[in-house]
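The first chain written gets the first letter, and so on, giving A, B, C and D; residue counts start at 1 in each chain.
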Amino acid sequence: MTLTAKQTRAWLLNFSNKIHDNKQYLSDLDQAIGDGDHGSNMSRGVTAVEAAITDESLEKASDVMKKAAMAMVSKVGGASGPLYGSAFLEMAKVIDNEAIARVIAAGLDGIKKRGKAEVEDKTMVDMWAPVVDALQDGRLSVEAIEEAKAQTKPLKAKKGRASYLNERSIGHLDPGAVSSSYLFIALLEEVEVND
Amino acid sequence: MTLTAKQTRAWLLNFSNKIHDNKQYLSDLDQAIGDGDHGSNMSRGVTAVEAAITDESLEKASDVMKKAAMAMVSKVGGASGPLYGSAFLEMAKVIDNEAIARVIAAGLDGIKKRGKAEVEDKTMVDMWAPVVDALQDGRLSVEAIEEAKAQTKPLKAKKGRASYLNERSIGHLDPGAVSSSYLFIALLEEVEVND
Amino acid sequence: MKKIINQPSTLMMEMLNGIVMAHPELELLRKHKVIKRKQLDTDKVTLISGGGSGHEPAHAGFVGKGMLDAAVCGEVFASPSQIQVYQAIRETASTKGTLLIIKNYSGDVMNFKNAAHLAEEDGRKVDYVRVEDDIAVEDSLYTVGRRGVAGTVLVHKAAGAAAEEGRSLEEVKRIAQKAADNVRSIGIALTSCTVPAKGSPTFQLAEDEMEYGVGIHGEPGIRREKVLSAGALAKRMTTDVLKDLQITEGSEAELVVLINGFGGTPLQELYAFNHEVAKELSKRHLNVNRSFVGNFMTSIDMAGVSLSILKLDDELKTLISRESDAPAFKVSG
Amino acid sequence: MKKIINQPSTLMMEMLNGIVMAHPELELLRKHKVIKRKQLDTDKVTLISGGGSGHEPAHAGFVGKGMLDAAVCGEVFASPSQIQVYQAIRETASTKGTLLIIKNYSGDVMNFKNAAHLAEEDGRKVDYVRVEDDIAVEDSLYTVGRRGVAGTVLVHKAAGAAAEEGRSLEEVKRIAQKAADNVRSIGIALTSCTVPAKGSPTFQLAEDEMEYGVGIHGEPGIRREKVLSAGALAKRMTTDVLKDLQITEGSEAELVVLINGFGGTPLQELYAFNHEVAKELSKRHLNVNRSFVGNFMTSIDMAGVSLSILKLDDELKTLISRESDAPAFKVSG
């Protein structure tokens, strides 16, 4: 099953709502091990995404995703802008033809290529990678997402701003992993992914 | 009766002690209606006075007073430096020949000439003027000094930094009047003035 | 109190040493706490200013080509002694005489005036100008006039340019006086400064309070009020200053704007405030010739801002835009 | 939160407007939040830097003769987008190409590099240098390198002087890289900054605590410790920086010292701290060529200081002392 433009739009708008609802929380998380702006960065980004994808003439899922990617890339500075931007762009390339597991895998590749992070570096990769695994096994669930999120807590950051904290980054959730968790919860809410 | 060099020295050293003991209090008073430095200004000044007048070869009261004046003028900036300096200098001119009432009156003239303040302008003049009156009547007492001090509280400042506060200067003691009160209490303690 | 210091008593001397290390074109006369230009031009009027410390970069930062020749440095918020000022006059004497630029505070005025008298007794030509730009203080017969605050920097600039041209003492004084007569300031504080020797804030303000009409020594302002937005504040301060300068809507005179931070306010806010003030002036069809934004006359670490406006005529306009090369006031000319 | 602002969302644009009003030699490209020189020399290498806002005067204050040609301004503490940087490259293109000077943060690096690729696809000559001067961060294979902090200003200066001479892109890059390789920094904070959009301090410190090894975005330092005296702090910071630069006692190399305030620390303390650092260097028989003291790379209103040391060779020495005329970095040459 591949996603339609309508499904993709619903998914991203749901994601956007979750980001707005959790803006302060995301910034608070970033405050502990970063510079406290992940919530405002993401909320600036998804506001631009909303505006970009409302255009009803976008016919394909890839059109919607590409617009979203450009919005993230042009409106969000910081590390998360180009990372979400790369993810969305790589996803756009395959979304019209591939199943959702392959789409998210493409996004993950985009993030890894752009940010050079690996699993256990305490970044959003630690959310995307387990999600790809779960999707491949047809067992993505809110519990699996929450589990992946919690797993970022004990890690020591090796990439991104938090890596500058060294030992002190241990014991906190990774903000980018948390914002990504909303993307996947939104996906679960809008699309039947495990069929 | 005129003062000896020894009496003058004892008087000024006693004054100096009182300033040191009340340094913080004087600064606190100045904080309310000025810039909070009257205690440190005065304490810097009397430290210089102490050093200047220990010289045992100073034979006349006027020598001691002149040294004290120069110390105040060269070590204390702020308003109080030149004012105490002028007072001491004018006092030095008459101290060897005149009775104490006339000496303090000369000091008061020095202050008024230098600072252009009159009675009820909420300055040290409001301590010196009543003290001169009391000395002339042979009735200077700690009570009279405390009374003069308290009288500065309801006044609105018309000279010095506190005058910039206008209405807001009302309800606070004048710091310079308080530091001057120590000069006169020290005088009472060291010299029999009312004979 | 949180400060990067050793102890309050040595701070000032350490600071003066640090200044001349960073600016080798300046020289410190340690004994008298005077910072002067290393190369003096003895054929121009000498300009001296100074006052208490705690206003950095004032006044040492304004010593340099086209500005001051020397700054006399008192302890924190205490005027330098007359002896210090007198020695500064002696050490920087020129054939054309010396002009002292004094911020109008009793202590400063007494000490600088006495020093001028001492120097005159030596047969030197010395004159002075008092700056009284702070409109927070009502001008009345019963006070000692107004305070001298950040507007003083523009007086340094105008007089400095005139002196650099080789004008006479009378001429330089006339210019300084004209600048002083045409500059007005008003300041607000969001927090109090902390004087090192005291170690605690001079006043306390609640999270939603500001002081309107503060001085530069931690003296309370004339009113304690609720904090205003940058726009509302700019409107009020601009209105107050223009009114005092008697500048009405559409007036031809060009203006110099000086947005001065008190030490604890980030440049971010100062520049944004400059924008708000410019909007207010343009609403009134007034022309800004130049605006200066930064920390010029601080009150140690106080958070707050002052607005100074100088009304130009052709002569002042020329002088203000002349080159100056002091550490804290460089104009490219 | 006490700030002189309207609302956080408009602050940045108001600030950028306020900057170009105060510095008419600069121009604001509103759409892309780029501040550039009004008069560009299309026959010299274009130098572009930038990053998040909140570091004022960085980077807009370093645009001017002998320094940068443009600064790209992101939101507070967020890198500008690649589109912004790409537009800045286009709008300031020269025949000799463009060099980007990037502070080493993932966001900045990704956005600037992507922009460089976009511009290269247009057939433009673009290269970049990363500054990684902060020794607080251990250099290891597993991290993304070190942070770029206040030392970046000295890289602007050296590269700016080289570009002004009309050198090729390769040459200017070599100089920038050499300066970046020879500059190291370390910073401490006494208080946290308050990001306007957040409204509360990013971290909390007790009255007797400081953070050693802080970044410039309110990131916590590497250690929380008891506050030290200025002398003890200077000793420790100087020792740490010299060690990392492998400069030993009596070394011949001349040094440039940059004492940078983070926004909330008064100039009084910065100058006094300069004196303490100079004492430490002279104890080690090291030669200071020049010291710069002030707020260069701030963290909004954070109280604290950083020390940067640049080790000079003859080439860098010449370039560092060339004239520069940017609002926040004027060297008389």
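The rule we apply is simple: contacts are C-beta pairs under 8 Å (C-beta built on N, C-alpha and C of every residue); 3 or more make two chains touch, one makes a residue touch a chain.
Everything numeric here is computed off the predicted structure, so don't read it as measured data.
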Distance between the centres, which are taken as Cα means, of chain D and chain B, whole angstrom: 54
Distance between chain centroids, defined by C-alpha means - chain A, chain D (Å): 31
Whole-Å separation of chain centres (CA-atom averages), chain A against chain B: 74
Averaged-CA centre spacing for the pair chain D and chain C, given as whole angstrom: 29
Overlap residues in chain D, where contacts from two or more other chains coincide: none
Two or more partner chains touched - positions in chain A: none
Chain-level touch network, classified as line, ring, star, complete or other: line
Chain-chain contacts as defined at top: A-D, B-C, C-D
Parts of chain D lying in touch with chain A, wherever the complex brings them together: 52, 74-84, 105-107, 110-111, 114, 134, 136-138, 142-144, 146-147, 195, 197-198, 202-203, 215, 217-220, 222
Touch list for chain B against partner chain C, complex: 27, 31, 33-37, 40-41, 44, 73-83, 114-116, 158-161, 163-166, 168
Of chain D, residues touching chain C in the complex: 2-7, 11, 14-19, 21-22, 53-54, 56-57, 61, 190-191, 207, 210, 227, 229-231, 233, 259, 263-276, 278, 288, 291-293, 295, 298, 300-301, 303-305, 325, 330, 332
